[in-house]
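The next part holds the structures, each set out as structure tokens.
Below, chain A partners chain B and then partners chain C, in two separate complexes.
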Partner chain A sequence: MNKLNNSSGISIPENYLVTPTYVFFLVHSMQVGVGILGFERYLVEKAGFDAWISILIAGVVLHIILWTIYRLLQNGGGDIVHIHKKIFGKYVGGFLSLLFSAYFLMLAFTVIITFIEVIQVWVFPGLNLWAFAFVLICLVYYLVSGGFRVITGICLISVVIGLPIILLKYFPVEAGHTINIYPVISHSAGDILAASKQSMLSFIGLEFLLIYYPFIKNPEKSKKWAHFAVFYTTMLYLISVLVTFVYFSEEQLKQVVWGTIATWKIVEFPFIERFEYVGIAMWLYVVLPNICLGLWGATRIPKRVFHMKQKPVLIVFCLLLFLATPFVTGRPLINSINSFSGQVGFYVLLYIPVLLILKTISDKVRNRHEK
Partner chain B sequence: MKSRLILSLIAAAGLLTGCLPSKSVEENAIVQIAGYDKGEEKRIQGTVAIPQYGKSEKKTAASEMYLTVNADSIKDVEKEIQKHSSKPISTGKLAVTLYSKELAEAGISDIIDVLSRDARLSRNMFLGLVDGSAKKLIESGYSQDETTSKHIQGLIENNTRHNFPDTSLHKFLYAYYGHGMDPFLPVLSQQETFVELSGIAFFKQGTAVATIPDSEVFTFKMLKENFKRGMQDVPFKGGTIMMDNIGSVVDYKMTGTVDNPEFNIRIKVKAEVNEMVGVEEKATPALAGEMEEAFVKYFTDHADEMIKMFKENDVDPLGLGNFAKTRKRDFDLDKWHDNYSELSINVKIEVDITEYGIFS
Partner chain C sequence: MWNWKRKEKKPSKKQEQTAKKSDTLSDFIKALGNSEDFVHYSLSGTTHCTVSYIKTISDLETLTRHVLPVLNDISFYTLEEMQQKIPVEHILITDKLDLIQEKVMFGYILIQLNEKDKEVLLIPAVSLQSRAVSIPEVEFSVVGPKEAFVETLNTNINLIRKRMPLPQLTVKEYNVGKITNTRVAVIYVDGIVDQDNVETVTQRLKDIEYDQMIDSSFVTQMIADNSNSPFPQLLDTERPDRVVSTLVEGKIAILVDGSPHALTCPTTVVEFFGASDDYFLPWHLASVFRLIRLFAVIFSVLSTPLYVAVLTYHHEMIPADLMPTIVSSRSDIPFPPILEVIVLELAIELLREAGARLPTKIGQTIGIVGGIVIGTAAVDAGLTSNVLLIIVALGALASFTTPVYQIGNTIRLIRFPFLLGAQLWGLIGVSMCMVYFIGHLIKLQSIGRPFFEPLYPMRINDLKDAFIRMPFNKQTERPVLMRTEDPKRMNQSRVNAKRDIDE
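After this line comes the complex of A and B, so read on.
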């Protein structure tokens, strides 16, 4: 139970480290969450059926950001807290790190409320929010208090469980109309870039590398796996978007709130009439690492900043989530929270290159002083 | 500590299962078919059939209960039916929804909105129009072994594999919301002791504006999609020959400018002829050629006529507007609608009779 308390410094004992391969699962499972269930609609509003190009553009941007993150961390010697402290000093740096903590907590919160909304709309309209939130947060507490390696395990499980759901894409494609995608590029570059920005909102998640980087054994070797993960996520989103584009007509998709779940609706097997129920139930495993890793990141930062134990912070944050979740209901509110946290995530991603530039400058200045 | 936590979680999971209403299948009234007629004073008359899974020993007859209510809206129908039912109504297995032609001609946009919004409804559900009263059609029994809902579901499903074009709630919504295409639905009509698919109704914004009889359905399907079955009888030399389709492929091509587009619809049909009634000649290769010509002429004439009818009613069930949209970058929907009636559409059909059965 007390595994959290051992690693106070940046050097983590070897028995808490994960091998570089697992970075693939950590990055990928954090990127895929509730966003993929309904991001198509927002893209179509911006760039129509050309939005699949936007996904590719966003993918390329993400690779660049990932490169920046590794650049930052390799020379930085540690995590974001350490880097912030080195660049901005103890107080400003600590404050910025705490902002990151709040952002991670908000991500976890967004995932919880959005997933609960999906359950309410699609499966159980009369879901008891308190009960569900209690069970879910107990589970998350249990997993997070197990430490980083347990969370990595959950990420692995989530990727494995999420895999068969890709096979379901066969049904909508079979019923689809491939001419929908033509003509290629009928929207302006501005529209396509706007949709790229929009799709970045569902791609966020790789910034967690900034906090769990010290937990990776041989971090240089993990670079390749992180890039694989981003590439895989991009392809997954591309496939999802193309499938919904083929299945729905453009004006129809603009009115479909959860595009991906709606494509599950036509899946029918002799033993199950409504596959979306199974899909949504399985999706809990896909969103679970988002919540766990989000909460872990959120609690790890205060620990690093204030040199306190992680567990009390975890309990406080869990309570916060539990108390706040049942009060957030209704599409408009949840939608605005989603787009808000997406916006923040977008700026966090933009902040990383800025941080790299600042760090390079401060390193140079420091070197000069030492001379 | 850990084991206590796990124990409490298991206990919570066990206790919390009671938090949601649960009912076994027999305790639900599972609506499998629903029909809507025009009621009095702008109200809707809804009829549903609920199969009865009783404890009775007689397993032979499939029994159903029919409920009819008058209501102001679709959801109100559900509410009113609930009032008549001893068990909770569940609409998740709804397989067929029928609308009377009268209702569809007045417009069913509001109903369509409900259909696209309700998460419980299957997207593979069949929609259909009824020539006459939907209530009467649902309440008449047709088969001893299966319920009316199963019967009508099977009827539509079977026919979409033959002469009738593919249809489902999703396909309807796809064309309804999409730009440059209009939806269509099969028309059912009740005869003395049976029910049959008697044609196709074409919609314009949720209002049924035109229909074709079932003799034209094959031609429509040929224009609309590729398919491998179906039959069509064609008059030939004073008699009739029956064409058995074994593979029909349709291809749209667009030429010309955006303002003045020209469509070429090419259809290639591979067919068998298995029956000649009242034709006095012996089957020879020369006769086969004549038959092919007769088929081509028949289908070209009927397709041209049908397209003329589409233009007159300003409906586009073939989705030509959508097709044009995918071919031209600067597609203008309003302009398209203005020009639609003068659009030049050429249908070119090739029929290839390959076989004549196993007897020569």
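After this line comes the complex of A and C, so read on.
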């Protein structure tokens, strides 16, 4: 009994906590990132224009995983570091937690290089990578050093600013052909499931709950907001996919790398044309929470494992990102890094149910011993 | 090895940064004797005593009408007798040098029976010269009260008190400034205000280490949570009515003697865009005006950076029908957009600065000369384009719509980082600059309360009086920001009770 009390985890001072509602923004803004700009093509390669069904399936799977995460955290008392330590002991658990840290850092890195690639392809082909990476990473450092509350604020702003971009979907729908989606199911279940797995890659971001859970005030109440966020993301992806399908033909879409950006091109107002420039500039707001939360999570884990200060770790990680970013150029390399981190993310999501089972077993064993 | 890095910590003597203090009463009188306006003489009529006062700040009428006649009529042998007979209120008898010094410097008349005596009589004869209460000039409003604060603290507190005859209205006074010893008053409504906020404010006021406190803006800069921020974190106003309404909301007001501006805190960034006019107009009109003001500010900050970004990097964004207009206006201009913009923006800043420093009448002339003559001439000479001139002028105009002067200054300056961003990376640069400022605003705090408040942390209740002003019957609760002890403003069910038809 004493042991359980001791293990009730970490407590964060109340003025650093966020209310449960913000979990919606945290989860949603972490899920939506650069992926949504061009994920349609990968789906179409697998399941053709039936891929929208795959998105729905992926959404359902995500709800289940979210349930698992909450199950894990509610009884775990604390974050992933604490749970790892309890199940695997100090050294193995610490090592596994550091793997998570590396994974979060990799996610941040992936987002940075992909966003820079988008800028290079669509806006500035001759972008000075060193300068841009420096300014971007300084900005990220400034935000992350403000702590979790500031990052939450950026998430909120990002969702609010992202809202009008959704309205732009109206233009391609107006120009598209609804007939493209029919016939409804023309692919095998295997194809559709393969596309589901593919679409999971754009959905990753849930797993950050494992690290920021102690920062939520009344975490039980945040459950519905998290589910609502996943639902909202699924709907957003579904709409994006359907709009792109309506606008492009299947064969054409396979050639288009950035499906969503391509549909912005046709947006036209009396005072402005070629909306993709505005869209990409606004996309900075959507991308920043990914980078910031990624870096925050990546630096928070060493702090928890080694009980060291977070700021020096943050500086080191920022330097790493800054030194690595300018060397990663070219579509094939970036594509492979993206699919690699997607794969890792997929396995991380699969790892969570396994962790829950292990934890249940170890809790049972421990209880028996104590009796 | 690293010893040289470590600074030797000496037990630093607490520096008394006050002016040199006199040790005895005679020293004090001697020190004052160096000034021409110090009067010091002995009476040798019926009563033998010494009278000293500073004639420039003491009220001579009190002396000649009430004090001297009594002293000449009756012969006194003790100070107590004098205290009873002289028809002036609050006469003190003391031998405390500090108190004597403070009171004499404030305008009290000092009377000693003997020049060597330590015990003295202090008669209050303070003459307060102050400007008459006048019309607010910085925050003018067409309707509503037309009183503004003046430089005297007592008058200012009077202006507040007479609007709120409430015993709970508490005024706490502190002396700040080692040499000026300025009176600073902290005002709040007990029972509504959060005591934590009061404590923060008083703590910070007491911690101020500076020799002078000339104006309330000194306080703003010194007790701000982040004094390196371009955003003012305390709202300054010259309208007593505005102060009263913020006090009722549970805020704290700080008044500084000698400054015609009150500071209120905690504040939020949206409060800087609210004018007192907003509460004197019907709510829908007020809301529209507020939104116009907000739009004006965004326009003022972003218009020229967007011009630079689009014309330098993203010409494709200009629709074909609009293109000829811009091409024809820019075809003769030898400079790149950024140079053109910077020259014109600086010209406008020059005009503003010159206009602000000159007397009103000349200032207006300068504005007209500068605005029309230089502007037209610059376009004719082919130095700037017509389109840009319109944008810059509109941007300057829009920056004047902010009701609070302090934030207007901020808006004037933050467009320059945006211009830099636009020149570097076009729209993406502007976007990055914007993120920086949003992040900065999220980080900022006003007296420990979030500065970006109704937006983040998002509080629906406080949004009712942010970008739009909801009608009074919808604002049933005081803002959450202040964490007031008494959040209810009125009885909601009674206010919103609906009447049926024909009842």
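Assume the second predicted complex is superposed on the first by the 362 of 371 C-alpha atoms of A that agree within 3 Å, B and C clash if a C-alpha of one lies under 4 Å from a C-alpha of the other, contacts with A are read in each partner's own complex, and residues count from 1 in each chain.
In this section, contacts are C-beta pairs under 8 Å (C-beta built on N, C-alpha and C of every residue); 3 or more make two chains touch, one makes a residue touch a chain.
Quick caveat, the model's predicted, so the values are computed rather than measured.
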item	value
Contacts of A:L323 with chain B and chain C, given as first, second, both or neither	neither
Contacts of A:M308 with chain B and chain C, given as first, second, both or neither	neither
Which superposed partner A:V135 touches (first chain B, second chain C, both, neither)	both
First, second, both or neither for A:V278, with chain B first and chain C second	second
First, second, both or neither for A:F124, with chain B first and chain C second	both
First, second, both or neither for A:P270, with chain B first and chain C second	second
Touched partner set for A:L156, first chain B, second chain C, both or neither	second
Which of chain B and chain C A:V365 touches, first, second, both or neither	neither
Footprint overlap on chain A, where chain B in one structure and chain C in the other make contact	124, 127, 131, 135, 139, 142, 268, 273-274
Residue ranges of chain C touching chain A (in the complex, touch as defined)	313-314, 316-322, 424-428, 430-432, 435-436, 438-439, 442-443, 452, 455-458
Of all residues in chain B, those that touch chain A in their complex	1-2, 5-6, 8-9, 12-13, 16, 19-21, 92-93, 116, 119, 122-124, 170-171, 173-179, 181, 322-323, 326-329
Residues of chain A defined as touching chain C within the complex	18-19, 21, 119, 123-124, 127, 131-132, 135-136, 139, 142-143, 146, 149-150, 152-154, 156-157, 268-275, 277-278, 280-282, 284-285, 288
Complex contact set, residues of chain A against chain B	1, 121-122, 124, 126-128, 131, 134-135, 138-139, 142, 175, 177, 179-183, 186, 248-252, 255, 262, 265-266, 268, 273-274
